[in-house]
Amino acid sequence: MSKLFFRYGAMNSGKSTALLQVAHNYEERDQSVILVKPAVDTKGKTNVVSRLGVSRQVDILLGPSENLREAVAIKQTRHTDTGKPIACVLIDEAQFLTPAQVDQALEVAIYLNLPVIAYGLRTDFRTQSFPGSQRLLEVAHTLEEMKTICRCGRKAIFNARLTDSGKTKEGSQVMIDEGTVRYEAQCAECYLA
Amino acid sequence: MSKLFFRYGAMNSGKSTALLQVAHNYEERDQSVILVKPAVDTKGKTNVVSRLGVSRQVDILLGPSENLREAVAIKQTRHTDTGKPIACVLIDEAQFLTPAQVDQALEVAIYLNLPVIAYGLRTDFRTQSFPGSQRLLEVAHTLEEMKTICRCGRKAIFNARLTDSGKTKEGSQVMIDEGTVRYEAQCAECYLA
Amino acid sequence: MSKLFFRYGAMNSGKSTALLQVAHNYEERDQSVILVKPAVDTKGKTNVVSRLGVSRQVDILLGPSENLREAVAIKQTRHTDTGKPIACVLIDEAQFLTPAQVDQALEVAIYLNLPVIAYGLRTDFRTQSFPGSQRLLEVAHTLEEMKTICRCGRKAIFNARLTDSGKTKEGSQVMIDEGTVRYEAQCAECYLA
Amino acid sequence: MSKLFFRYGAMNSGKSTALLQVAHNYEERDQSVILVKPAVDTKGKTNVVSRLGVSRQVDILLGPSENLREAVAIKQTRHTDTGKPIACVLIDEAQFLTPAQVDQALEVAIYLNLPVIAYGLRTDFRTQSFPGSQRLLEVAHTLEEMKTICRCGRKAIFNARLTDSGKTKEGSQVMIDEGTVRYEAQCAECYLA
């Protein structure tokens, strides 16, 4: 039986870089991975993009009503044919999975015997978990923190939404970075200040 | 600034024993701790009880509408008078805190500068988090797993509710162990079987 | 294949209590454990003793020239006869193992397929590792810290040797607590002061 | 007071990538870091090189008789002049530090109040720690594992040295990858086989 890992971290903690590194590690040994990204995340389109400058196309762009276990099972069958067996499933922006898809990720680990490593945010700009991250926090075999630092030097655990007029706690949960809105990882004290 | 820790684990992972050990460690150095338990947990009445046979009375039996930060602040003032400063707040059965009380626990760490260590279950018998554990998973500075094992030898992550007629996924979220209901920590595979 | 865990911590971090709790957890499920202690540790004689007041006799009091793997294999055979299979090997004061015995502990995990959990100090009163802990730090599958706090409130990582005339960095590596010598877990800053 | 972190992992666990990501994270916030590499590591010359394709010049190429604390203090003074304060010291290939330099790294954390993150191998191709990693395992405030996988799918913890004629346990401790020698991260079972 394999495991479902949730590697959570605040904005800019290096989650996509870490994911791409893990993919690289498997492939150096002639094993394949499946890269998954929820379609809700439109940043980078069909790519996983790391701020270090590395980028790569996903294998499954998962719509909110699609079944992750079935999508992986199909890929698994095809890859077995090519002789490069799939060794791992890597999910970027996993906070955007639906709770049902997280349960399917657990099933991939248990019934398809593939380790699943889900990278994502723990909470939104109001310190509430996303539906996907809440379910991952409940059922992942292992919770591993990706650390990053606040401007003040402490460990950042929250994500502040910043607009031209300062920090805001208003608006919809999902609002991808763009001209007028950006995010900053902050420690609890700076966030609450 | 101090931190809020959530040490989560399945049933019987030794959470209360660990809590009592930490209390003992502080007191060996002539520092005081505050033991807190949500009043909802009627097992052991006003005591923290460890299955290893150690037991101890709580300092704050916290009703669901009480404010944890205020309750701690009052104790902190009193203890300072006695010359044995309070060095830590320890919370047993922390899954039974209300979300507002978890936010107050974070404030105790940040504004009263006392480390808060909350021990509790991650999820209930249906793999859903309790309101208190959901909030702790969102805002704790550090998530630390207390490990225990399933009957099959794997790490247990879920809690099955067992009755005389077997495993059940029916009933209210809180149902303290008694004659006809008991709980068993299980791995994901045994739980889903 | 099972794993070798090294749960290291400074003096008084609750290592023996945690060990006894794990033993209790297995036995609640009708599984047996093997308790091991190096004979070099004469404190508590043939018992594992926790400062919380719990105590229990060891199954193997391991002399420095004995082979841990062979000693465990003999116990494993006997227990299988009684119908209560051994599920885990627990080692107290593991810093006193010889490096060869640590390699044997790894073999127990790999070849006898028994998880081995070794509890011990990371370093001595001069911040040098013991021969057993050095080898455990090198080969354990997983290093897990048992935390405790310094008098100043920071995490303790070192062990100061105190005599009637203050802190000393002189003397032999092993000197069990007695009238004139005692130990205190300290943070790096207090230790170096 | 800041902390000394040892992020250890087997070959190809993504240590240099993680280091470069951390550097990037600080710089996005207009803070500076100091990159250090022991001069013994001649691979990549004066650069930290990640297998993902990212590379960057070090700030201090540390000879074996140089004092790390002094070298950092000089850089710290200079940077303060430029208005971009140094927020972190990052060390690549930290297994090649001398034990004295590790003690100096601890002093940088304590007395210069700069977090020091040391990335390195835990052990050599014979499962013996390097002098630098042995000392880091003894004195680091926090030990954090960088995980990677063995060809067989288990977690890799050892580093096998491979030549054209197979695995070898002969030769000097330091032998940088070249035509005839290469390394592979392996789990304990594959390593011992």
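Of note:
Lettered A, B, C and D in written order, each chain numbered from 1.
Everything that follows uses one rule, which is that a residue touches a chain if its C-beta (ideal position, glycine included) is under 8 Å from a C-beta of that chain, and two chains touch if they have at least 3 such contacts.
The shown structure was predicted, so the numbers you read here are calculated from the model rather than taken from an experiment.
The greatest centre-to-centre gap from chain C, using C-alpha centroids, is found for A.
Per-chain CA centroids place chain B at a distance of 38 Å from chain D. If you average the CA atoms of chain B and of chain C, the two centres end up 27 Å from each other.
Annotation for chain C: no residues touch two or more other chains. The set of touching chain pairs reads A-B, A-D, B-C, C-D, using the touch definition from the header. On chain C, the positions that touch chain D within their shared complex are 1, 106, 109-110, 122-123, 127-129, 134, 137-139, 141-143, 145, 154-155, 157-158, 187-189, 192. Residues 12-14, 17-18, 20-22, 24-26, 28-29, 31, 51-54, 87-88, 115, 148-149, 151, 153 of chain A touch chain D in their complex.
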